[in-house]
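Quick heads-up: structures coming right below.
Both of the next two complexes hold chain A, though its partner changes from chain B to chain C.
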Partner chain A sequence: MYDNFANPWTIRLKWAYLLTVVLALLSPVMYTVYISFNEHGFGARIYDFTFDWYRIVLGDKLLVASLEWTLYLAVTAVAITIPMALLSAKFYKRSRRKVAFVALMLSPLFVPADIMGSSLLVFFKNLAGAFTWLGETLGVGWFEGWFDLGFLTAMIGQIIYTHPYAFIVILITMSRYRGQQTEAARACGATAWQAFWQVEFPQIRVGVLSSCAFVTILSFNEAVRTGLLKGGFDTFSNVLVAQMLNIGMSGESYAMAGIMSIVSVVVIGSILVITLLRSEHLSRKARAMAEPMMSS
Partner chain B sequence: MGENGIQKWVFYIPVIFFVLFFAAPIVLTIVFSFFERTQFWMEPGFTLFAYENFFTSARAENYVFSMLHSAAAVVVSFIIGFPIAVFVRRRVAKAAQHRVILLFILPFMISELVRVFAMRPVLGRNGVVNNFLIDIGIINEPITVILFSPLGVVIGDVMSFLPFMIFAGFLAMEAVQNYVFEVCDDLGAGPVSLFGDIIVPLAAPGIFAGSVFIFVNSMGVALVPTLLGGPGAVNAGLIANQAIVALDFPLAMAISTIMILTLVLLLYIGHRLFDLTKVLEPIS
Partner chain C sequence: MSNRSDIAVEVVDLGKKYGAVNALNAVSFSIESGQYYALLGPSGGGKTTLLRLIGGFIQPTAGQVFLHGQDVSHLPPNKRPTSMVFQSYALFPHMNVARNVAYGLKLRKVPRNEINDKVDWMLSMVGLEGYNARMPHELSGGQQQRVQLARSLVLDADILLLDEPLAALDAKLRKDMCLELKRIQEKVGITFIHVTHNQEEALTVADRIAIIADGDLIEQGSARDIYETPQKRFTAEFIGDNNLVDGIVAGASGERVTVDLDYAKVEVAAPGATAAAGDAVSFSVRSELLRVIDPAQADNGAWQAVPATYLETIYLGLTTSHLMRLPDGREIVARVMSDEPADTSLEAGQPVTVGWQTDRARLHVS
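Coming up: the complex of A and B.
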């Protein structure tokens, strides 16, 4: 749809607008990171660069423990969500009821965090009660503690939240893959797993890796559902929410926000750079392999 | 595909998981909303007390106000975001379109908590916006209406969810083929009629999907009014949270039910009007 006859100044103006919007979306976060390196905190007239706030955060055992829990949750969420999203995408391709399936998979995107968290909280409390009752009725202690609020329930909440994003990214990557290649591999004697792992996966690897990065960041940043479902431990973002609401905006809060922003920018920025470099490499390769243009 | 029974069932794991931990809790939310409240929990029964409590208190009024704020956030997001989607589809070379859209992934992937929190030092009395406007002499006194006010909530919602309008609009513009613009150019259609009569109707399913996402999340994410709305600012998510803190679980479930029904109604209307499955065509 590229229009070579449009006024170049109009085009430049539109580019300027687009970049202004990107900058406007990023600038509050950049400003927060900027403040987090000021020894005197927010509102001070003088700016002295320091890492002290970060040292305080990383020297606080409670905060480090919350960071560890956050990482455990993120790793577990990736380990479960990505295979599930792959299965979902493959199921979608072969499903005859695509609309119903995709509605089920994408609906969590449309349910706000607080509503989903509240629903799951009450659901798990009832489920835990039902298992306790079942254990008492059967006279066994095996069901004790099932679905009590804790790591498992927080993780389920995170999978419900992150899965739709991973599913969409993998589905978009898979839409470029032609199913005939799998059929050819199967016809040549490959098992279903070999056809997937050796033929299909290399072609969708970028999408899968991008999904891993997205799920890691979404899990790392998630606060609301985890806050309601986590039980007795704290994640990094939960501590930040508690600090903001109870203490206010301290130098530590800015440093914590800075850590979360820097982690997100590094992970997603790397994925963006890799994706852009790869697409550039592929388009160069495609141009090199294309038939030469013949003059008439 | 030549798979045995177990291999076939493996593909049903996500469906089973989502039915168990997404669909069932949502359905049970509706059921629990009719339960009777006890001192710390609830017990099975059938009562409309939670709904009566909701509709006869200030909560219903707050819910309607949060609908208005959310509608305002949708309109502002559309005005700011959709032209970007149109511009990228129409004026950027095909190979570069996805790269440009990727620019909006980065702000979206930074924690919503941080993005909302970051608005306070920007919009506050001594914040960047006020200092800048005072420095260039446009105002003498700091503007206080942009933080801890309904306007602050709308700004926070737009900053949080704007990228979704751009993504949905970009997908929706897939439905507007190149030749449509060529025909319009040949017939001498102006930019306003091209936008209003051609682009918006053809891209309506995507615009609607993006709008519903922004509307529902603006209504349901409690963080924005909590951090930017000041005293008295609430939305549906915050009302549900407050009910849980007060251990009124049937009320929390009733509010969630009303929120879910609002969402279902919107999606139903959208599907009847625009056939929302068209949004999925590019990835099918």
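Coming up: the complex of A and C.
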């Protein structure tokens, strides 16, 4: 909030600075999307608008297969990560050592992607070896191939990567929730689950849905960990990165980058808009409730 | 434990520890069915902990809770015949008034028509007919508290727990709601257990009051007994506007003891109290029972008198307080109705005699 003595130019300057930073960050992405619609690709002197590159991408079986794998990975990550993050956020609220708890939950964020990926790779290799040895020792084939690189290992890597983000997003929404409402529901006869599902969940739904969207996008954007842990299949990002490294940026590459950018911006933009609208709605509620309670 | 059917709540040696901190120390008491019972005491004294133990929101470290004779100590709140009203309203913000009130009935799978009838009836009971479609944020504090009350009462629970239900309301609304709560309790006839730190609130609503402080049940009794004849020094300090005076027992005869104050000897009524000569005791006299008197008035034994120095007069609207200092330095207050004829000759520093009717002072041995 600004006081009446603030210089209006200071405010304009702050906004100008903010917009410049955002534009600087987004302009390469916007340029990529712009190029993806040029029939002549990057560096051409003329610009003819076309959807052809997108048609080629969506007609390529390898790329469509990679999209499918990415989607499976995203859906599985959402299905497992969101309940885990929800539980973590609930445990956090009960925890007495909150700083230590948050530090523990966020620690995967502080490990660089390649270090995390290669560490998990070594870990799974050893684990697979240990399982094979266990199977051989026990004389059963049941343990064979459990942690060979593949969908399971890629998914575990994805969960470790996305859990901190989902945890934070849910926690922010949950911080507005007052535990007394759960107690009130229990006092009305609700079980712990009914109190959660009927009273708490509707109030943190926005955070949970935002986390779902966030984890989905992160699954589409992730390349390094998945690249190291995926085994025999390819995700969309892996194909894109491989293309760029091997043959450079083609019109197809720009279209793939465009698909990912547009989907990400639309999903994140929607979340932001919904969150802002919700926040405004909640603050209006809070203002109404904060008014002096007069005799009625 | 008691088997009497008219006992709604009985707690036996109930205790709660948080790590090394004793929030409640082996408290025992019982509450009759249909009684309005107040747990009164300073903040942090353990009264909310006690209420939450009765409601099943926390598990006891020691002791038992019996509701209508049944041991419920280890049952969760939804398995107990209790309902609760919270200080911070705790309405479900995503549900309108009708859905809030109907919540518990829906859980019990009561037919829809019956739910609608009960909700309407309960809203009219709390003076909110026609508010069914309002959202909680569209209600004032008092209205929200009424909705909470309706949500709890509609369940026909035998025992209603109220945790500082009026603490967030303004003074006028608090007073109105006190009377409203009392009226509703008399109408529905169930047991109310009301936690408050406000003595006026407790005196207004309660049939019986328990004083809770430092995790202990200090004293319990009817509102009148607690106010007029407090047994414990703490109660006298906490309830009413009491003057407390310390002394040594000089002798005892019948139901009276003589207390030596160094600067005067006074007789104090001590029904049931066991005090022997030489015991350090205190006695209390409510400020409205103290008067500046003529020393001769105390000659017949019906009045007790001590010397004091007049300090000042403080006008408080309905009442006026006369502040005086005893010879041992303790300040005492005599409070009179402002429209009573006053002695206008009193001046600061003037020696006066302060007196009270002998049977109006209470002896405290602890």
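Methods note: the second predicted complex is superposed on the first by the 276 of 296 C-alpha atoms of A that agree within 3 Å, B and C clash if a C-alpha of one lies under 4 Å from a C-alpha of the other, contacts with A are read in each partner's own complex, and residues count from 1 in each chain.
Here is the rule we use: contacts are C-beta pairs under 8 Å (C-beta built on N, C-alpha and C of every residue); 3 or more make two chains touch, one makes a residue touch a chain.
Keep in mind that this is a model prediction, so the values were computed, not measured.
Engineer: With the two structures laid over each other on chain A, which partner does A:I160 touch: chain B (first), chain C (second), both, or neither?
Structural biologist: Touch status of A:I160: first partner only.
Engineer: Considering only touches as defined above, state whether A:S175 meets chain B (first), chain C (second), both or neither.
Structural biologist: After superposition on chain A, A:S175 lies in contact with chain B alone.
Engineer: Looking at A:T235, would you say it contacts chain B, chain C, both, or neither? Reply first, second, both or neither.
Structural biologist: It touches nothing on chain B or chain C.
Engineer: What's your read, chain B or chain C touching more residues of chain A?
Structural biologist: Looking at chain B versus chain C, the one contacting more residues of chain A is B.
Engineer: Of the two partner chains, chain B (first) and chain C (second), which one does A:N38 touch, if any: first, second, both, or neither?
Structural biologist: neither
Engineer: Quick one: is A:S66 in contact with chain B, with chain C, with both, or with neither? Answer first, second, both or neither.
Structural biologist: Neither: A:S66 stays clear of chain B and chain C.
Engineer: Please indicate which partner A:V199 is in contact with in the superposed arrangement: first for chain B, second for chain C, both, or neither.
Structural biologist: Only chain C; A:V199 stays clear of chain B.
Engineer: For A:G189, using the defined touch cut-off, is the partner it touches chain B, chain C, both, or neither? Pick first, second, both or neither.
Structural biologist: In the superposed model, A:G189 contacts chain C only, not chain B.
Engineer: Is A:V21 in contact with chain B, with chain C, with both, or with neither (first, second, both, neither)?
Structural biologist: first
Engineer: Where on chain A do the contacts from chain B and from chain C line up?
Structural biologist: On chain A, the overlap between the chain B and chain C contacts is residues 186, 192.
Engineer: Name, in rising order, each residue of chain A that touches chain C in their complex.
Structural biologist: Result: residues 178, 180-181, 183-192, 194, 198-199, 202-203, 285, 288-289, 292-296 of chain A touch chain C.
Engineer: Name, in rising order, each residue of chain A that touches chain B in their complex.
Structural biologist: Residue positions touching the partner: 1-3, 6, 11, 14, 17-18, 21-22, 24-29, 31-32, 35, 42-43, 84-85, 87-88, 90-91, 94, 98-99, 101-102, 104-105, 107-115, 118-123, 125-126, 156, 159-160, 163, 168, 171-172, 175, 186, 192, 214, 217-218, 220-221, 223-224, 228, 237, 240-241, 244-245, 249, 253, 257, 260-261, 264-265, 268-269, 272, 275-276, 279, 283.
Engineer: Any idea which chain B residues touch chain A in the complex?
Structural biologist: Touching chain A: residues 1-3, 7, 10-15, 17-19, 21-26, 28-29, 32, 41, 80-81, 83-84, 87-95, 98-100, 102-107, 109-115, 117-122, 126, 128, 159, 162-163, 178, 181, 212-213, 216-217, 219-223, 226-227, 236-238, 240-241, 244, 249, 252-253, 256, 259-260, 263, 267, 277, 280, 282-284 of chain B.
Engineer: In the complex of these two chains, what residues of chain C are touching chain A?
Structural biologist: 55, 57, 76-78, 82-84, 86, 88, 90-94, 103-104, 107-108, 137-138, 140-143, 148, 151-152, 155, 161, 168-170, 172-173, 176
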